[in-house]
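Here subunit A shows up in two complexes: once beside subunit B, once beside subunit C.
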Partner chain A sequence: MSKAALLSLQQALRKSFQTLECNQKVWKSVLSECSPLMDSLANLAEQWKALSNIQIANTPLKDFPDLEEKLRFKLLLATDTVLGKLNEKMSALQSVRDAISNQVYAVIQLYEQNADSLDLLSVTERSATAPSIADMLEWLQDAERYYRQQFLKKKTLLQTVRADNLSLLESTPEKWKSLESPSADNHITDTLCKVSFFMESQ
Partner chain B sequence: MTLKLLSVVPSDRGSQRCRLGPGLMSALGLSLGSPLLVSVPGGSCLCTAWPRPDLAEGFLQMDLKCSSPTLISHPPTHLNLDPDQLTPTPCPKLKGVKITVVVQSVEFKKNTPMRLVHELVKDMLKGVYVQKKHVINLEDIDTEIRYVVVESISPDSSSAGLINSKTGVEITGIQTVRHYRNQLQDQHTVVLGGLEEVSASLREMLQLPLLYPGTLSSLGVSCPRGVLLVGPPGVGKTLLVRRVVGDVGASLVVVKGPEVVGSRPGESEEMLRGVFERARTAAEEGPCVLFLDELDSLCPRRTGSSAPENRLVAQLLTLMDGMNQSDRFLIVGATNRPDSLDPALRRPGRFDREVIIGAPTLQQRRAILSVLCERMPVCPSVDMAELAQRTIGYVGADLSALCREAAMHSIRENSKGSGEQAVGVKHFHEALKSVRPSCLRGSLGRTDLSLVSWEQIGGLDEIKLKLKQSIEWPMMYPEAFVRLGLCRPRGVLLYGPPGCAKTTLVRAAATSSHCAFLSVSGADLYSPFVGHSEKALAQLFRQARACSPCILFLDEIDSLIGSRSNSQTPNSVQTRLLSVLLNEMDGVGLKTVEGRGTEKILEGADHNHTQEQLDFQEVCNKDVMVVAATNRPDCLDSALLRPGRLDHIIYVPPPDKQARLAILKLCTESMPVEPDVCLEELASKSDLYSGADLENLCKEAALLALQEENMEASAIKHTYFLRSLNKMSPSLTAQQIQKYHTSPR
Partner chain C sequence: MEGPSGDITVTSSNRKCSAVTGSGRRIKDGAADWHNLRARWEKLNDDGFVIAGNIVNLRLSSHREQQVHTPPAGGAAELQEECCKLHDIVHKMVAIVMKMERLMASQRGILDLEEFQFGPEGRKVPLFHSWTTKQFEDSSRVLLDAFRRELQLKQTILQELGHTVTSDLCMVYLSCWLHQPFTPPQTRLTLEALLLETGHRPL
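Take a look at the complex of A and B:
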């Protein structure tokens, strides 16, 4: 009985790691699509700053009626467009996060259902080709937590951006870049390498 | 088997995992990720069990994601845990939780819509095991949301549960981290003894505007905003403020004088403005107190020149004026040198109220001692009332030093032999010797007098009785004094020929009554600066009053303080000192800064007897008794000798025959004398000998014996006494004594 439970758990783990692998790729590609948007946001912030620094009445452009208001409106529109596009990307990221989360919760639930039949010795048993079940569950949880936190941080950042707060708008692209942690991302890649033998040993 | 608590590995931060050995996990019946409650001293922590990667036993590493509030500020370290302290906890899925969110900055709290906070918090809490009243630490996510306090959970059948995506999250409030930490600190403040009246008035000022804002505005009055605490160092001004603030639940912004002073011009003012701004933002969340400790260093009296302090003082004044009614914070200043403050600070509208905390009275000392000893294993034989009587002039800080010293003595004794850990009377008495009152520290007249008992003075029984009447009785039988409408004498003058034990009598009086004893001589008082001596004398009286009941002994008062009638220079130092003394002894009143508790009025006694006696003592023994000694009473000013100043004028006569016999007996007590020595004969032959002469006589006789019998003398013969008596002549003359018989008054 324990054998059957073990086998089904291993199967589920394999499937989760596969999901993790392909979602990691999706996550990366979405993020790379975000970076030009961030650049244009930085550009817009610079324009906002330039506009607020200048007194249009003192320039040759003063003959144009309502120039400043019009420019502001245009910038606002542009900022809104960029932020809207970023939000679309965020929903893509959210779907990645949800996919990973659901898969991980499912595996853990499967383990919890069979926890009585699986003693600690068997879940902590390692071999040369396969890590122990405890380790793999831990890695999955870590990966899930990483994506969840990344998503939360990015969401908090984007939600607090407002066009009327110039300094906040200016600092957003930098903050966005600082959120990325290559080490944690590499950690997930490492994990996938560690389980590669296990995944192939069907 | 014990578990060693190690710090958490970085990769586990925020995972709520608790790493332990697989053996222990299976012994506790835990599977991977089962919730587990770990109790540590000061709180508990809910986490999920995971085997260590190296599968080693005997270690525990836990992530404090969900823990008691106290563990957030003081995370447990270097602990050895017992496996009993780990309890598997069933965690059902929760239907709903009520939480308070703690955020980093006020800006985030103001600018972020509630809907967004709710959304973020819900995402953050997904998959977290929570325990009622615990705090979820979200610092690892590194956003503005720092903590989540779990107020209640539903269903509340169990104390812990798991939050999943279906759990309803309800936010009851948002606080900032600063405010939250302030609240946490309040939970473990010390109790304060003997400052009830002051703390009640302070609390009223804090609470009134908060509880009844409508009443105050309908009366059209503005609530007070400044309190100045004045008192000698160590009475507990700072502690009082912290305590009251903790009680009311207000947040505290502390400014220590030197902290705000910067090196560049304008920097100090800027820091001061920053502090006020901080108080203002804190006041938006709840009551707030801005505490300016050591105000005298921050705000000294402005001088004429443009000193940099002047600008700081001006900034503080404008800031205090610039507070508008909506700024609901209270400014509390504390100082022990109110006279050096800028007078502009001390007007209503700035520091509206001044609260004077004096050195604690007898009752207050008793209250302080009982608070201090509450957590110490004190022998039941230790009488706090008696200890309070012995600790005259001690302030709160001294008393806590005393208790600490007593405890140290008990530890030292216990380390020698094994015994139960209890602090007894003897430990306190031992500690009393090393801890001296700080009121008297640095005082002019502090003397370490050798103990003299009444029995060590031969004869003079009548004088002893008079002295006891005026010094000891008021302390021991205050109720009898009150019953007969008597009041304590203000002063006693001892006069008589030199060498007749005037000083020794005073010493004995000070020994038998356990009051503070100050003694001054001319050397202490005279100084080359004009006005310095008078100031020193006034200061001496002030200190003596602070630790009353107190005996102030002025030896050789005739040389210290002259007389106005027969002195050549009418404006000499002596005359000025005399006027200070007259004023201090029977002046119009005391300075206001010397307040000591509120005036108590004796009413019908409904307490037990000892309590009553303490009350009497507190009311009656508030004065300084001046004891003066002179051998030239005719040189004293007549104003000093009237009743109300030196009430009792006692003549210490040269010893008569009986007294001389008693003195000789005392002097020869430690000497081996031959049985043929007849002290009666010596006494009758030594007319006009003073006590000092008689002591000298015995010494001479003993030296003579050594001289004659070549160092092998074992006893002093009668002849030696007679021979030395023949050699000596009395130091007093009949004419001299006759002079004393005309009363000086």
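Take a look at the complex of A and C:
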């Protein structure tokens, strides 16, 4: 068994969990910035719907024949602005996903390079303070997959939204909410708790 | 009267800022006024939107109560109060548009003066960077027309808002108040161009 390989693998694992920990915070804060934007989108959808439901010509606004067209244009602008801001947030989420993915791929690669020199016992052995290497690798992959899938789902959802398609616009905030998975997120927090002693040890 | 200073030759040194006199001075001050009036209008618009939102909420909830059973308790007084507040806002907007009309009139006066001084072609050398005096008048007109129509819309909304019980129509009124459909982005660009040309914004 190679002691050096084991040590470097542990070091890489520590670094991966640190990356995971700080990126989890970034992810959460970006998501919390998205929710007011989603509220604005829902509100704009309501305005679109109200405008489609009424006949301007039958209301006191009939003296403004071009009102509907102009209001539609302004609503389109406002919707566009919100969608643009959401896209910026998606870039932030993408960099979180990339940071985590890169780190996890690196540690998996390191493990695979040294797999021959590591015996089964040293990979599966755990102590009161440190989980086994096998467990930790698995947790990292779970977390990486979670962020990758979450990002993809959100991105796909936003790519299908069209400012001129009312039903899509209306359903987006709800769909966005339904993508949230508090249990998976708690699971990552649990994982970080499980490895906290390991991360502190050198 | 400004007399001969009206056709002062604008050189690169006095074109910059404080040395501007005569028609240039008036136009430059007018541009600053446009900017300030628009800023005040936007502030009033924001304040008014909050009040309009309150009115809609009060109106719709009291309408719902009426449908169920009892007449609204203290809602009417509150509604009246909010409507008065909105009335004040629109009243201030009327004052702003009146000031804009005066700006427009002085712009037209400058144009007339220059036609008198330099003939129907107007002055040969631009007052600032490149615009002719006519262009200042044109952009003032674009701005004035936009705000005039916006004001008409606001006045209609003010009259109707407290009497509307269809939630869709209320929503459209609020939407109109907030998004100001008659001041498209071109209005903002026109104002910015005016500020750029007159040197209020650095080139």
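We adopt the following convention: the second predicted complex is superposed on the first by the 200 of 202 C-alpha atoms of A that agree within 3 Å, B and C clash if a C-alpha of one lies under 4 Å from a C-alpha of the other, contacts with A are read in each partner's own complex, and residues count from 1 in each chain.
Criterion: contacts are C-beta pairs under 8 Å (C-beta built on N, C-alpha and C of every residue); 3 or more make two chains touch, one makes a residue touch a chain.
Everything numeric in this text was worked out from a predicted model, so none of it was measured.
Q: Should the superposition on subunit A be reported as showing a clash between subunit B and subunit C, or a fit?
A: Superposition result for subunit B and subunit C: fit.
Q: One more residue to check, A:L71. First (subunit B), second (subunit C), both or neither?
A: second
Q: In the overlay, answer first, second, both or neither for which of subunit B and subunit C A:E138 touches.
A: In the superposition, A:E138 touches subunit B alone.
Q: Could you let me know whether more residues of subunit A are touched by subunit B or by subunit C?
A: Partner with more touched residues of subunit A: B.
Q: Just checking: does A:Q159 make contact with subunit B only, subunit C only, both, or neither of them? Give me first, second, both or neither.
A: It touches subunit B, and subunit C stays clear.
Q: Kindly classify A:L61 by the partners it touches after superposition: subunit B alone (first), subunit C alone (second), both, or neither?
A: second
Q: Figure out whether A:D119 sits in contact with subunit B (first) or subunit C (second), or with both, or with neither.
A: Once the two structures are laid over each other on A, A:D119 reaches subunit B alone.
Q: Contact-wise, after the overlay, does A:E46 reach subunit B, subunit C, both or neither (first, second, both, neither)?
A: second
Q: With the two structures laid over each other on chain A, which partner does A:K177 touch: subunit B (first), subunit C (second), both, or neither?
A: neither
Q: Is A:K25 contacted by the first partner subunit B, the second partner subunit C, both or neither?
A: neither
Q: For the superposed arrangement, tell me the lowest C-alpha distance between subunit B and subunit C in Å.
A: So the smallest C-alpha to C-alpha spacing between these two chains is 30 Å.
Q: For subunit B, which residues count as touching subunit A in their complex?
A: Going by the criterion above, the answer is residues 11, 14-15, 17, 22, 25-26, 31-33, 50-51, 53, 55, 108, 111-112, 116, 120, 123-124, 126-127, 140-144.
Q: Give every residue of subunit A touching subunit B within the complex, in rising order.
A: 105, 108, 111-112, 115-116, 118-121, 123-124, 133-135, 137-138, 141-142, 145, 148-149, 151-153, 155-156, 159-160, 162, 187
Q: Note which residues of subunit C are touching subunit A in the complex, please.
A: 149, 152-153, 156, 159-160, 166-172, 174-176, 179-182, 184-185
Q: Write out the stretch or stretches of subunit A touching subunit C in their complex.
A: Contact set of subunit A toward subunit C: 46-47, 49-51, 53-54, 56, 59-61, 63-64, 67, 70-71, 73-75, 77-78.
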